[in-house]
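Here come two complexes built around subunit A, the first alongside subunit B, the second alongside subunit C.
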Partner chain A sequence: MINAEEGVFFLTGKDFTNAGAASSSLKGVLEKRGVPQDIIRRTAIAAFEAEMNVIIYAVAGMMKYRISNTEISVTIQDMGQGIPNIDLAMTEGYSTAPDYIREMGFGSGMGLPNIKKSTDHFVINSMVGEGTTLEFTIRLANGDKERA
Partner chain B sequence: MNLQEIVNRLSLDVKTPGLDLNREVTGGYVSDLLSDVMGNSSGGNIWITLQIHLNIVAVASLKGLAGIILVNNRRPDEDTLKRAVAENIPVMTSALPTFELVGRLYALGLRCR
Partner chain C sequence: MNLAEILSILKARMLTDQVPLQKTVESAYCADLMSDVLSFSVTKSLLVTGLTNAQVIRTAEMAAIEVIVFIQGKSPDSQTIKLAEEKRIPLLVTDLSMFDTCGKLYERGLRSQFHHLNQAPIITVRAQSL
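Right, the complex of A and B next:
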């Protein structure tokens, strides 16, 4: 048994230079802990998509993680414009990204669906004009992916 | 298939000096959409794209990709190359357009997996 551990990374909106750094750091923590590769891969996908959403759409945010012996849970909270219609935002291909973001290959409307597909549990809450909070969990105890 | 062998066979121009190209390439993935690559490529894949900005390195690193090939002689940003060297992600360029390049990779036996 290894002790549970937790940490936090801060994210700055429009900081494309450091985009992905929080997800990379989280991946490093999981590797150091000896978490199975498949679980690391799924966590990295979900964390990166959530991190990029903060970089693209919000002013600032943070990524908090907690790793226990049974699961990895990650919360990404931002101060941003919020999402008026979450069902629409969850639709594959739907995006409100501006052209310059799309030209970089972001804003394809696959981010939130990717998070849902990669995780065992996923909740998103948003307040227009205030921000968005997104939480996901990936189980460690059972290595098999259990899709919702 | 080995990355060095692919570089030799397709005369790719390696832009990241000092990285060991002696690594296994499990297959290939083509996309210019970063979330598509995050969601659908597999670890060890070579990634073919026309995106040249810094964030492609983060995607390749997080997914454990074998390297990135830029098509149409696209010149990667200086920052992209610095980051790629730091993250151990080989970046190569080819004068070929995507269709031609991928056709040749396929002919070498590479598949999407």
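Right, the complex of A and C next:
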């Protein structure tokens, strides 16, 4: 068994050059730990969608992760505009992204639904004018493979 | 389908150096919307896209896509190519249109295999070396 591990990455709004760097680092941590590929992929996809949301919509934010022997949990908290209607935001295809974001290939309204689809547990809390916090968990079916 | 076959079928050029050339793909996905790629694509696949920014490389990295083909002679900037080299993802560019690119690959037997909307993701379990 290997120890639980945690860390944090800071995210800057509109920094499109480094957009994805935090999720990439998290992916690296999971690879180093020997987490199964399909679980890494699901975590990376959910983290990247959440990271892009912070880059696109917020001023700044942070991504915290904790990996235990049974699950990976990630919290993405931002200082941003908040989401007025979460049900609407969770609808596939619904987006408020401006055109320049769509030109980059994002803002098609699949982000939040995709995070939900990729994770085992997903909670979203938002306050208009203050920011949004996402928390998701992905189970490590039989714990880290180092236990085997 | 391997990299050499893809290069020949699409009369494509390699944009990246120092990436593994032994890559093979089992399916292909085509989109300019990166969220669609993240939502619907599967591993061991080829991405055909007209978008050339760094987010395409990041998307491929997260979705574990093996190879990216840019269409209509569109090449990304050198920084984006460098990122792909770091992530060991081969980048190809073809002068063909997106329609012809997909058509030629389909003709040679490549198919899409994607997560259908409102359907649980297909989780491919591979043998892991311990």
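Criterion: the second predicted complex is superposed on the first by the 141 of 148 C-alpha atoms of A that agree within 3 Å, B and C clash if a C-alpha of one lies under 4 Å from a C-alpha of the other, contacts with A are read in each partner's own complex, and residues count from 1 in each chain.
Just so we're on the same page, a residue touches a chain if its C-beta (ideal position, glycine included) is under 8 Å from a C-beta of that chain, and two chains touch if they have at least 3 such contacts.
Computed from a prediction, not measured in an experiment: that's the story for all the values here.
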{"item": "Which partner, subunit B or subunit C, touches more subunit A residues", "value": "C"}
{"item": "Which of subunit B and subunit C A:R42 touches, first, second, both or neither", "value": "second"}
{"item": "Touched partner set for A:M104, first subunit B, second subunit C, both or neither", "value": "both"}
{"item": "Subunit B versus subunit C as contact partner of A:F136, first or second or both or neither", "value": "neither"}
{"item": "Subunit B versus subunit C as contact partner of A:N114, first or second or both or neither", "value": "both"}
{"item": "Contacts of A:S23 with subunit B and subunit C, given as first, second, both or neither", "value": "both"}
{"item": "Interface residues of subunit A shared between complexes with subunit B and subunit C", "value": "16-17, 19-20, 23-24, 27, 37, 41, 44-45, 48-49, 52, 104-106, 108, 110-111, 113-114, 117-118"}
{"item": "Interfacial residue positions of subunit A with respect to subunit B in the complex", "value": "16-17, 19-21, 23-24, 27, 37, 41, 44-45, 48-49, 52, 104-106, 108, 110-111, 113-114, 117-118"}
{"item": "Touching residues (chain side subunit B, partner subunit A) in the complex", "value": "31-36, 38-39, 43, 49, 51, 53-56, 58-59, 61-64, 79"}
{"item": "Subunit C residues within the subunit A interface of the complex", "value": "32-36, 38-39, 43, 49, 51, 53-56, 58-59, 61-64, 87, 115, 117, 120-121, 123-126, 128, 130"}
{"item": "Complex contact set, residues of subunit A against subunit C", "value": "16-17, 19-20, 23-24, 27, 36-38, 40-42, 44-45, 47-49, 52, 92, 104-111, 113-114, 117-118, 145, 148"}
